[in-house]
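Chain lettering (A, B, C and D) follows the sequence in which the chains are written, and residue indices restart at 1 in each chain.
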Amino acid sequence: MQELPSSVDPARFALCADAIAEAARELALLGWTPATSSNFSMRVNDELAAITISGRDKGRLGREDIMLVDMAGHAVGTHARPSAETGLHTQAYRRLPHAQVVLHTHSRTQSVASRLFAREGVVRLEGWELQKAITGYTTHESVLDIPVFPNTQYMPELVARIDAWLDAGKPLHAYLIDGHGIYTWGADMAEARRHLEALEFLLACELDLRRFSA
Amino acid sequence: MQELPSSVDPARFALCADAIAEAARELALLGWTPATSSNFSMRVNDELAAITISGRDKGRLGREDIMLVDMAGHAVGTHARPSAETGLHTQAYRRLPHAQVVLHTHSRTQSVASRLFAREGVVRLEGWELQKAITGYTTHESVLDIPVFPNTQYMPELVARIDAWLDAGKPLHAYLIDGHGIYTWGADMAEARRHLEALEFLLACELDLRRFSA
Amino acid sequence: MQELPSSVDPARFALCADAIAEAARELALLGWTPATSSNFSMRVNDELAAITISGRDKGRLGREDIMLVDMAGHAVGTHARPSAETGLHTQAYRRLPHAQVVLHTHSRTQSVASRLFAREGVVRLEGWELQKAITGYTTHESVLDIPVFPNTQYMPELVARIDAWLDAGKPLHAYLIDGHGIYTWGADMAEARRHLEALEFLLACELDLRRFSA
Amino acid sequence: MQELPSSVDPARFALCADAIAEAARELALLGWTPATSSNFSMRVNDELAAITISGRDKGRLGREDIMLVDMAGHAVGTHARPSAETGLHTQAYRRLPHAQVVLHTHSRTQSVASRLFAREGVVRLEGWELQKAITGYTTHESVLDIPVFPNTQYMPELVARIDAWLDAGKPLHAYLIDGHGIYTWGADMAEARRHLEALEFLLACELDLRRFSA
């Protein structure tokens, strides 16, 4: 049972939890959350985020599968265990003020692309009309770089690499983790979903093109 | 809110809007309209067409997501913004008197084929029984050429290339835009859908064959 | 409207028509009948078969989309036009006494495999456990040959090639037509569906294996 | 009709049969049980297991399609025929005390991977985050070996090979049979499903990677 701190309006929590659970169910139907993987969160207020509880089947989520964490990634008002990767969600909320929703999925395309581009450290997307689905992009003539970070079970290492990328002032709309999956975000659920859907599509197209030029 | 000009029978507009919304929902389910891309239209009368409003999720369209434009592509009776590519729809209605419905989608197959065949400027389809699904084709021994035009964010440039193709008297049943998607049309929704479905299938088969002959 | 000859029990015709329409709807959902292609039939009695009327959307078939033909392929009791390929269905009923149902589909796998193996004239399947889904096969150590015949719009030519194969005493469980699709059959709808599903699967696996050995 | 021995609580049998039938329907929807292939079982008590009756369409299973077998694989309380591969299920229950559910499917990915890795005799999975979905694995830096055994219609031969692998003390979470499919299991239905889903995903990713490095 989630016990809400007085700073959280129950209606706001319910809205966040329902939006996360609905998105998770729809993304699970696409096969992007295999074997209880993937996690999803939404900013509740300046101090707290709602996030999926670890290990649940993402195709059958309800409100009771969502918990609160503070911006250091600690559980708030519950004994449930947040996902091991909670620190990547809270980092996004700390570093990217416009991010209200963070989505992390594990599709086959995302996993394979992350392995294939791990050595280069980046997937460079160019010449695709659908790059315009990323907020701020207005032409296919732009360049959209998605970094690929090495995987690790020690989250602070990943957090440091992402901090370094941001500290260097490079644009960041999403990132891949090698052999693992993608993280992306948006100013609301619709934008985060649009970013995720566009990136899945673009990575799949890029892999297809490589098959022919190989 | 769409305000109908007196020249438009409300029942006719409703019929067009519902047909467009239904087709959009079904094509979205196939994954051919990723990240709010794609647009669809239907000729309402000699002066006007109904077309999808820009940026809406094509999987959740209703009648209120459809607007009127004149044959120059200007909004009629609404402040909604038509798609940036409206000019390609109205060009089809001006140049191809038999076209009553225009469909533009962005499937992965369409996007990848457009990139792969961009240099040749055309996808040549031969020897497939399903070419007979294109009105006017009666045998697999025919040749079906689908041109691939360079992408641009400046619509008049694209319109001019398509005009040039038509002015040269070459047959045109559909065209691809590089890195982008396909445009096709028909004398009614059923024919336009059949053309789109057949072309998606033929492009996918052609890509598969290339994988083996590579 | 179908007018039934006195030799046909209306209940028997209804049963055949419903079974055909249901199978067509389910196969259309799998994407194996693109753009109104494909056709399906069932033996009604020694002289007649029920078959899909030409050009209908296979995903939306009802009883009224099914007609009767005699074993020479002529329409019986209706002005509807049977499929151009009706002669291949009636040949199966004439030559293969155990065949009660004939299914013809156009999946992408079937179309691509037919092009790829057209020169060899046969797809040879060996070493797959699922060969046992074909009636009469009891081990993966058997050899299952699916001939590939050249496509033609002139049916008697195709009928003659199939007759020649049968006259040579070679086993025939299904055949492909180049650039076109597959024909298979069974002693009832369940067996015909099982054969079709197994062959689609085996052709897809065979294509996948070729991709790696290429 | 299944007649239950006095040692079996009818409610326990009903629970097992319903869980098996539900899993079978869901896996069939994914296309992993083509042409009536595949079989599924659950341990009822120390002496008996519930298992799918041979040859039924896995997409339409109900409680009446499930039967009891003893740990030697003989039918109990029914004249129905258990699957030819029942011996592989009962071997798992005899040798792996934690296994409560055994799932065997035939997806295209599983079949193709089994052929491709048959000569090496094993699929080695390394560097994938999703390896953590297998109980006992806590990092992508582990190695997960899935053996590939030669196919045979003579079950005791397969049983002996699997016994030999276990007797050698090698870890076994699943195995492939060449040209055939996969076997995996779990301490309950949820764990067995998670293992199956993760392995299908990992095999598909591994095949994709091979396409690029070929």
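Just so we're on the same page, a residue touches a chain if its C-beta (ideal position, glycine included) is under 8 Å from a C-beta of that chain, and two chains touch if they have at least 3 such contacts.
On a predicted model such as this, the values are computed, not experimentally measured, just so you know.
Summary of the copy comparison: rotating chain B onto chain C for the best CA superposition needs 90 degrees, to the nearest 5. Looking at which positions face the partner, chain C and chain D present mostly different ones, since fewer than half of the interface numbers are shared.
For this pair, chain A with chain B, the centres built from the Cα atoms lie 33 Å apart.
Each chain gets a centre from the mean of its Cα atoms; for chain B and chain D, those two points are 46 Å apart. Annotation for chain C: residues touching 2 or more other chains are 211, 214.
Residues of chain C touching chain D in their complex: 127-130, 133, 138-141, 190, 194-195, 197-198, 200-201, 204-205, 208-209, 211-212, 214.
The touching residues of chain D, counted against chain C in their complex, run 34-37, 57, 106, 108, 111-112, 115-116, 151, 153, 177-181, 207, 210-211, 214.
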